[in-house]
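Several structures are given next for inspection.
Each of the two complexes below includes chain A, the first together with chain B, the second together with chain C.
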Partner chain A sequence: MARTQVHAPGSLGDDRAARARRIGRRRETRAALLFISPWIIGFLIFTAWPIIYSGYLSLTDYDVINSPNFVGLENYEELFRDPKIATALWNTFIFTVIQVPLYVIVSLALALLLDKAGRASGFFRTAFFLPKMTPPVAVGILLLLLFNGQDGLINGVLGWFGIDGPAWTTDPDWVKPGLILMSLWSVGSSVIILLAALRNVPQELYDSARVDGANWWQQTRKITVPMISGALFFIFIVNTIAGFQTFTEAYTAFFGSGNTTYSNDAALFYVIYLFRQAFEFLEMGYASAMAWLLFVIIMIFTAIQIRVSRRFVYYEGEQR
Partner chain B sequence: MTTQTRLDSEAAAPEPEKRPRPARRRRRITPAKVLIWTGLILATLVFIYPFIWLLSASFKPRGEVFDNKIIPETFTFENYLNVWDEAPMALWLWNTVLVTVLAAVTVTVSSAMVAWGFSYFRFRGRNFLFGIVLATMMLPGAVTMIPQFLIWNSLGMVDTLTPLWAQNLFGSAFYIFLLRQFFLGLPRELFEAAKIDGANNWKIFTRIAMPLCKPALIITLIFEFQAAWTDLMRPLIYLRDSDNFTVPRGLKALLDQYGFGGEWHWEIVVTASVITTIPMIILFFLGQRHFVQGIATTGTKG
Partner chain C sequence: MKTAAVRWSALALTAGLVFTGCAEGTSDSSDDESGGGTVYDPEAELSGELNVMGFGATDEIGQTRLDLASEAIAPAAVSLIEGDLDIQQFLSAIASGEPPELVYANRDQIGTFASRGAIIPLDECIDGEGIDTSIYREPALNQVTFDGSVYGIPEFNQVQITQANADLLAAAGLTLDDVNGSDWDAATAATQAMYVGDGSSLSVIGFDSKLPEFLPLWAKANGADLLSEDGRTAQLDDPKVLEALEWAVGIYDVQGGFGAVKAYRDSADFFGAGNQFATNVLGAMPMEQWYVNVVNDVSPDAPMAYDTVRDREGQPLAYASGSAWAIPEGSSNPEAACRFIKTMTETDSWIAAAQARVDLREAEGKPFTGLLTGNAEADQAIQDQFVTPSGEQKWDDAVAATYEANEATFTLPANPADAEFKTAWQDAVNRVLNGQQEPAEALAQAQEEAQAALDEAWSTWDQEEG
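Presenting the complex of A and B:
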């Protein structure tokens, strides 16, 4: 368009070219929108509308059967009064804060080992990844079986070393440690991400470090970790977001019909409580308010992490 | 250039180690190697043993499930026969296959279309719209979960399998992002040439772009296959009648009934767990290369 103005306006050929271009662009836009239309429709129905509706529901009392009853900010006030919210938030926070760093460290250690495995790395990679293929329900069941306080395998192994293992699945103090340890079983995909990042670190860096007499630990700290900090940060942030939304394993192992014997408040994670409010107690309005609180918390944590990461994360080709 | 520097520094290094390895050094055992291999083998044991434990327990009679022996003292195949009577396992498997195939195929086709729309065409607002696609990935599922349920409820589709896969008709942000990366990697001249030959947009997409991105499409397919097969939350929300259950939902029901529901029949739970897990193990071995490539891509480009 700008170009037509530079040329003599009104000249017939130019006008036609501009029109053709305009039509071409309009045609391209139309074609593009056609291809994108599934997403646009899906976004409007299953994301945009739910966001708005959830905001409205959070201001109501709604049990699905009767129509929503507007109650203002009552649900949000209730969030601060409900002791279970505090419990659930605390459980989720503790779980995430301990699980995520452990998860990153374990996957880094395994990736470093794999990197040195040479031709056998394919075999070990498969071994490390297989747990990730296990359905989370089965992981929850495995947790109950392996961490069983009396005849579980874990306490059996601890017994070889003379350690009297705790009642992982029933003692409220040990429920979260058990869940955290079990979750480390599924580090496989992070190991693969880190291994790919490790293989991208230029060999010259290590060579020159070795010339300078750097030992393995120094090389790892000063070269490997900074060079793969982008991948590490990615794992960190994805797992934090996932940690705040922990559900399936803990729900499988400690909740559900007929399971009232366990001291399950220790495993009451935020999304589990939200799920129960919405679909077991049919408190849709209250659960919506809970969802918004979770959203705000996740946003705050992600923003903090991104800010902090600017100081530590190095992306290749970046000028500092 | 790089090889040059590498060789130079290798030559100058006091101890030229590995890469390129001289043949005679190959078999030397150093303490570092012993440490690495011990670590690898120990880790492998930790990762693989639960599978062995589970598999072995599934061949034990009721009373021996918890004996922690690798080889069952009394080997029995009975659990695998009983589990079909105790629960509609076959029906659950069929439901799961149905949901999984529909979910994987629809999400792959729709996400590819959308990804193509975002990578090939240039139009006003493209970056803005794509920004929204990326932003939806950050949205916790909990926010949309309840209204989505209400939508399906008002359509009378609760307690059918439809809500478990039908939203995939509209693409999924993560796969759109992944596939777009692959499409952007294709040389544009290819499509210009096809255009001159008279191919329309749809033909360019289906005949040229899709076949060239086959690896990425396979990645999407198997990722979603896994996600749909293993999901518990949606089945918990949407399925009521046990005849409609998927295997993970069924497994949870079996756990509630035979695990801590009073009837102490862990051998059934264990056997059903094995049956639920095995298809995923097979899927992994069929698509191992794609899994690894897909995961590495999301990590390095994300």
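Presenting the complex of A and C:
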């Protein structure tokens, strides 16, 4: 009679197998670490260390040239006394709150159009992406030209409809709307991401919906948007972070070399004020404190978005 | 575990995004200044390298003097780090202990650099190389003299003159006296007379008072300085400054507001043949003298008329700006830097450069419109030697106005908070132009901000100096 040797749990055979698996996993881990070590080293040197050191600098009075002088929480206290911090934060908040949803909606609308473009899709994909290749500094200069209150293209087009366009580049009420509209210039990359997501939505879902009598809007709302919600969320969160860090276009248009003396408080975004403190006024300690405040703000908003996204975002294959 | 890893990754990634671009330099500042122990001897043979930051020999004026200065310090070798001075790059170089041997900066940056210990006093250099500081223009020298020590040697000088469209003036029955700033009521009336527009849409700007940048000019024309002579007290809330601001802003108000004028100004082909004067869409404005060359080059037939800017007493006036040479703290070759500076700014070098410019202009069939430097002796020699009637009255008037203005300059004194001070008054003007504040309120806020910055910076300096 044949006998099958069965090891009881915790017996010698199980231990050997478990050890072999552990050794295998360790080897895999070591290999993985080895392969990503260039990134880790780069991250530690060029990102982690500056972050940590800026935390220290935020507690000092530091002018770049002379040694940092420890001042405790003075820079953080100053953040609450400096009225321009409130102005800059408000400008940044308003810009982000309006720009991000608009950016996502326009991206989605263009992606949906491209999805229906058939053979012409390739041409339009390229056409939409090309503006993204424009350097942000050039976009800032372009803003001054397109939104020029006198001869700008935007007011020219508004004029066709009998609308006397505003002074986009000088009227404080219209500076942010101009910047928000100009930011749509670079919508191409998001369109490409969303288009890729759209192409991954199973056709059977639409077929079934059509059989059930669903119209285009119902299909978009009930199938398309939920199925690409992961991509939408990615665009939303990345643009929110970018919104809080808005700098180049506004700086070029309203604070940069083209306008060495003209500026507009309505375009004073937080990172612009941070940059001026650091590199124009040489208040590097204060600028570091500002950077940490922004970091905390972004973390809070990101955490909220991640929390909220759990209810709305669908990831294919995700275990819930 | 996985969730935690994702969170930490998100944290790290976000932190990276936030702090990218906020890199900073670290250094222990050296207590010993480079000038200490250095022997400046005009007869000594020099060696090593001379890396010059912020200067580019982009034309014959620069190249001629560069050749002479390179020869003067040979066998030491000159290497240019071209382009406008990048303050971030310069200070980072200082902080990392590897500064350039010589730096070329705007004169209004010298006080801030000096107060932070980024550049060294040039007293020993001046004595050792025998640089005669009496030949430099006093306002220019004052701009680079901080707390009693000279930290920079002035190079170019820029002044404003009144530049006007003679046809528009004549059509409105006006003369240069109406737009040269000597009579503010007349200037406002001239603006209204030449201005053509409909609400926010302009087709001719009558007069452009060039705010925000020329507030110091109009304040001085009204008898006020924005900053006290010792550079310690802001005077932005002086009633005369307020009056100047109100008048200069009023110039825009009678033309539909600053927004309309700026939009029209921004849409102009400023450096091209279709510039505002050539196309008869600008009556007059104060502008730096180099713009005469631009108009002469691209639109020689433009109907121009020139005068100095004048104060309310009718006297010539110009708010001078320009560049200067300075030796950074930690410069490894201050001897070569000093002799290089001396050669670049001495009278003979300027004359040689002017000769090169004259030759070039003659070859192009264009008039020589003068050369303004921080060296008064050189200016006089160049004017005497090279400035001759061009055959066209307007260009001769431009040159005459330029030299007259050059004799009537003023500057703001060096101070350790120049950037903050400038930002305070410019922001104030901008708030008024943007319709966010009334002039008095804006200047009161600017006074507070500027004085706070000055007090803090001077306090730090005074403590360090003991």
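Some points to look at:
Assume the second predicted complex is superposed on the first by the 270 of 320 C-alpha atoms of A that agree within 3 Å, B and C clash if a C-alpha of one lies under 4 Å from a C-alpha of the other, contacts with A are read in each partner's own complex, and residues count from 1 in each chain.
Note that a residue touches a chain if its C-beta (ideal position, glycine included) is under 8 Å from a C-beta of that chain, and two chains touch if they have at least 3 such contacts.
Worth saying up front: this structure is predicted, and the values here are computed from it rather than measured.
After superposition on chain A, the partners chain B and chain C collide with one another. Of the two partner chains, both chain B and chain C are touched by A:Phe279.
Counting residues of chain A touched by each partner, chain B versus chain C, the larger count belongs to B.
In the overlay built on the shared chain, the residue A:Asp151 is in contact with chain B and with chain C.
Using the contact criterion defined above for the overlaid structures, shared-chain residue A:Glu204 touches chain B, although it does not reach chain C. In the superposition on chain A, A:Asp265 makes contact with chain C only, while chain B stays out of contact range.
In the superposition on chain A, A:Gln245 makes contact with both chain B and chain C.
Applying the stated contact rule after C-alpha superposition, one finds that A:Pro131 touches chain B and leaves chain C untouched. Contacts of A:Thr302 after superposition: both chain B and chain C are touched.
Look at A:Ser54: by the touch rule set out above, it reaches both chain B and chain C. By the touch criterion defined above, A:Ile65 reaches chain C but does not reach chain B. Between chain B and chain C, the overlap after aligning on chain A sits in one stretch of 150-158, 222-230 or 276-284, namely 150-158.
Under the contact criterion defined above, the residues of chain A that touch both chain B in one complex and chain C in the other are 43, 47, 50-51, 53-54, 57, 64, 144-145, 148, 151-152, 241, 245, 261-262, 274, 278-279, 284, 287-288, 291, 294-295, 298-299, 302. Those residues of chain C whose C-beta lies close enough to touch chain A in the complex are 10-12, 14-20, 22-29, 87-88, 91-92, 94-95, 112, 116-118, 199-202, 212-213, 257-260, 262-264, 266-267, 329, 419-420, 423, 426-427, 430-431, 433-436, 453.
By the touch rule above, chain B contacts chain A in their complex via residues 2, 5-6, 9-10, 12-15, 17, 19, 32, 36, 39-40, 43-44, 46-51, 53-54, 57, 66-68, 110, 113-114, 116-118, 120-124, 126, 129, 132-133, 136, 138-151, 153, 167, 169-171, 176, 201, 205, 226, 229-230, 232-233, 236-237, 247-248, 251-252, 255-257, 259-262, 266, 269-270, 273, 276-277, 280-281, 283-284, 288, 291-292, 295-296, 298-300, 302. Residues 25, 28-29, 31-36, 38-43, 45-47, 49-51, 53-54, 57, 64, 109-110, 113-114, 116-117, 120, 124-131, 133-138, 140-142, 144-146, 148, 151-153, 156, 185, 188-190, 192-197, 200, 202-204, 207-208, 210-211, 216, 230-231, 234-235, 241, 244-245, 247-248, 251-252, 256-259, 261-262, 271, 274-275, 278-279, 284, 287-288, 290-292, 294-295, 298-299, 302 of chain A are the ones that touch chain B when the two sit in their complex. Listed in rising order, the residues of chain A touching chain C in the complex are 43, 47-48, 50-51, 53-54, 57, 62-67, 144-145, 148-152, 164, 167, 169-172, 241, 245, 260-266, 274, 276, 278-282, 284, 287-288, 291, 294-295, 298-299, 302, 306.
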